[in-house]
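What follows is a pair of complexes built around chain A, which joins chain B in one and chain C in the other.
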Partner chain A sequence: MMLDIVLLMVMVIAAVWSVMARSLLKAAIGLAIVSVIITIFMFKFNASLAGVFELSVCTGLITVIFLSTIGLTKPMTHKQILEFSKDRARRYGLLPVLVVLAGSLAIGLLNVPFGFTLVQKASQADVRTVLWNLRHLDLFGQIIILLAGGFGAVILFKEIKEDEW
Partner chain B sequence: MSGSELRLFWEFVIFIIMLSVVGFYCILVTRNLIKALIGLEILTKGVTLLFIIVGHSTHQEALAQALVITLIVIEVVVIVVAGGIILSVYRHEESLDARALRKLKG
Partner chain C sequence: MPSLLILVPLLGIIILNLMFKFTRRRVAFWFAFVLFSIQLAITLLYRQPWYRITEPAFSPFFKVGLSIDSLTFVMLLCIEIVCLASLVVSRYTLIDRDQRFNFINLLIIASVGMNGIVMTRDIFSLYVFLEITAVSSVILIAFRRGKLALEGAFKYIMLSAVATILMLSAIALLLLVSGGTDFQAIHTSIMGFHKSRVIVFAIGIFLTGLFIKAGLVPFHGWLPDAYASAPSAVSVLLAGIITKACGVYTLIRLCTSVFGPSVSLNQVLMLAGTVSIVAGALAALGQQDFKRMLAYSSISQVGYSIVSLGCGTPLGLIGAVFHLFNHAIFKSLLFVNAAAVEERVSTTDMEKMGGLSSKMPVTSATSLIGFLSASGIPPFSGFWSKLIIVIALWQSGNRAYAVIALLAGVLTLAYLLLMQRRVFSGKLREGLQGVREAPFGFCLIALLLAAITVGVGIFFPVAYAVLFEPVRGVLLR
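Up next, the complex of A and B:
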């Protein structure tokens, strides 16, 4: 239990760091840390298939996409860095305060008697059975979204010839 | 539902709320388009974690996993397409500043 709390704290700190970091590379690494911690929880809560997806796709592929996007853009100039550093304290200084405030508010809500319960309906079904039998429309949706994403990427990354301008 | 399970659920919900605040704040405050995408990604992480903890608390892990897998697929496609759009904007404007988009017409 204590380890869970520590991991969750590290996750929130990594998220705050990735938002506040000056370097976009550090921001992408912070996001990858958040993903890794979520993966640990997935494995802990018997969601190993989702964990494998999270680890390979979110931690791996998405970080690579972010790094490639960052690599294809120019780093900030010295003047921009100075401007950003001055501006950062003003714009992001409130974030840690807000996060702590939101956490305290949520802890305070714990003591309010909502009468909230989660309905437990134990299911022995395997994730593959659920995907094929219960959520088969989701699978079609996923295929369509992947195709749309593929076509979108092809169109967006297509090199434009000089005479087409 | 046992008290310890409900307590575990609420503990996670507290941190999910904090993660959502970080994501929303990032999207609202940042002017860098890549940072905005990172904020969106943090928000999605919060939703993913919520699915997992609700699935565990209600003993519906399989359904939660199916939904998380769908969410991950959507997340990747959104990131790829948004990344492409950001690169197109960068090639056009030579800047990642969201304010540059104000000049767009049509």
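Up next, the complex of A and C:
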């Protein structure tokens, strides 16, 4: 229980850091930390396959894509960094306070009787059975989302001519 | 059989993209036209009493149920009609064949998403289909990659992401209680634990997510920018059906089939609906850009459906669905005409227009039909749906809401007639002498949509009995 609370706190701090960080690189690392902690929770809840997906895709692949893309961008000058930091502090200065308030509210809610009985186990089926035998339609839907994403990449990331702006 | 409405368009995309590059760009429009016509035919055939088809062999593949009831049928009709209208508009507004080809692919994907939304009876599949529609919508809004389009798309994606988080969290909480994701299982659990604060919280955040999708006040920030900055064909699609399928239909379905009857839920719906009616109408009055004016008008009209749903009575439900159908048709008509005017005048600023009725008589006349229907003037379809809404509110004892809905109708008439006067009436503005009537396809689709608006109004008893009265069957007792 103590470990869970520490992990959750680290996750929240990493998430807030991702938003507040002045460097995109640090923001990407913050997100990777969030993802690693989610992975730990998944393993703790015996969702090992989901944990493997989270670790390989969200922590690994997506972080690599972020870092590669950031590597292609032009770094900011010192003056720009200062202006950016001020802007961030102005926009999101209250975010940590909000997070603390939301956390306190959530802890308060935990003390409220839920008023319902938790279903013991939603499904005993193996994840492969769920994906391939029970939730065909959702898997199908995911493929269509990827297809839409593919068209999005073709349309939105095509080279933009100067006059188009 | 319902699975055909998912598989046919998907097969269509595959065939379209397998063709040779030169051929597919040439035939894409007619191919998509045939595809949507087939979907419309499948929908219409499904309701014929003499038509019986055995389930195709691949149907067991979809173990999560897809079904078509009276509410789904009305929505499917709207989806196919509006997709066809949007397709026709794209033929004249997206001249570049590569652009049009990409647009058509995304239009078909969006139609798969919307068909799925209205046919599924599983809350997680509903979420997946909402995401399909949202992803294709974002790309469609940003289609031309201008600064305004990207800003509109960014606002949409950010608010849509918030809606997604809220809905997914609610689904997780509901799954904890019911152990399943089909509507019936969740409804049974909710009825068993309806006093649980966690369930109230789950329903609350789900509703908030849907309010964002429907563009209800105060969650409407994305809507005017998205409608105004998107290409005309996309505006038709967004205003005509996407917000209705993703937001309003989903609200109607979940409130009637999953969340069940609840006085407090009805109060929330009526309040949100009334605020949207009034705020949308007032905001529309102050607009210079006619696409933005129509966008705010959409917020106001969606409010009517929501307030009617909030009555919690069968007549209220019928009013909500009837107005949803009418709004999909007359708002598509108005956006088609807006696209025609933009195409000919190259602006959406009403200050630069005037007297266009002499140059664009068909566009002007059909716009007037749309405006009058939106304002609830007899004998157009909008009059009947608004009348049903007011009667439902009055009968259910919500007389203050009924009066507000009636008075807001006057506001609607005011801003829409103002728009008609500024764009079409009066003396022809300097520099517009060379303007011609919209192309044939534009006029044809505008005439068809106007004919539906007039036809449903004149043959109201038939339309009511065939399309809308059976909708009361989806209301839980």
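By our rule, the second predicted complex is superposed on the first by the 138 of 165 C-alpha atoms of A that agree within 3 Å, B and C clash if a C-alpha of one lies under 4 Å from a C-alpha of the other, contacts with A are read in each partner's own complex, and residues count from 1 in each chain.
Convention: a contact is a pair of C-beta atoms (placed from the backbone, for glycine too) under 8 Å apart; a residue touches a chain by one contact, two chains touch by 3 or more.
This one's a predicted model, so the numbers in the text were calculated from it and none came from an experiment.
After overlaying the two complexes on the shared chain, residue contacts for A:V34 are found with chain B alone; chain C is out of touch. For chain A, the partner touching the most residues, choosing from chain B and chain C, is B. Touch criterion met: A:L156 reaches chain B and chain C at once. In the superposition on chain A, contact of A:I144 is made with chain C only, not with chain B. Once the two complexes are laid over each other on the shared chain, residue contacts for A:R135 go to chain B and to chain C alike.
In the superposition on chain A, contact of A:I70 is made with chain B only, not with chain C. Look at A:V99: by the touch rule set out above, it reaches chain B but stays clear of chain C.
Comparing the two complexes, residues 116-119, 121-123, 134-135, 138, 141-142, 145, 148-149, 152, 155-156 of chain A contact chain B in one case and chain C in the other. Within the complex, the chain A residues that touch chain B are 1, 4-5, 8-9, 11-12, 15-16, 18-19, 24, 27-28, 31, 34-35, 38, 41-42, 45-47, 49-50, 53-54, 57-58, 61-62, 65-66, 68-70, 72-74, 91-92, 94-95, 98-99, 102-103, 106-107, 110, 116-123, 125-127, 129-131, 134-135, 138, 141-142, 145-146, 148-149, 152-153, 155-157. On the chain C side of its complex with chain A, the touching residues are 6, 10, 13, 61-64, 66, 102, 105-106, 109, 112-113, 116, 120, 122, 124-125, 128-129, 131-132, 135-136, 138-139, 142-143, 145-147, 175-180, 189, 192-193, 195-199. Remark: chain A residues 109, 112, 114-119, 121-123, 133-138, 140-142, 144-145, 147-149, 151-152, 154-156, 160, 164-165 touch chain C in the complex. Listed in rising order, the residues of chain B touching chain A in the complex are 1, 5-6, 8-15, 17-19, 21-23, 25-26, 29-30, 32, 34-35, 37-39, 41-42, 45, 48-49, 52-70, 72-81, 83-88, 90, 94, 96.
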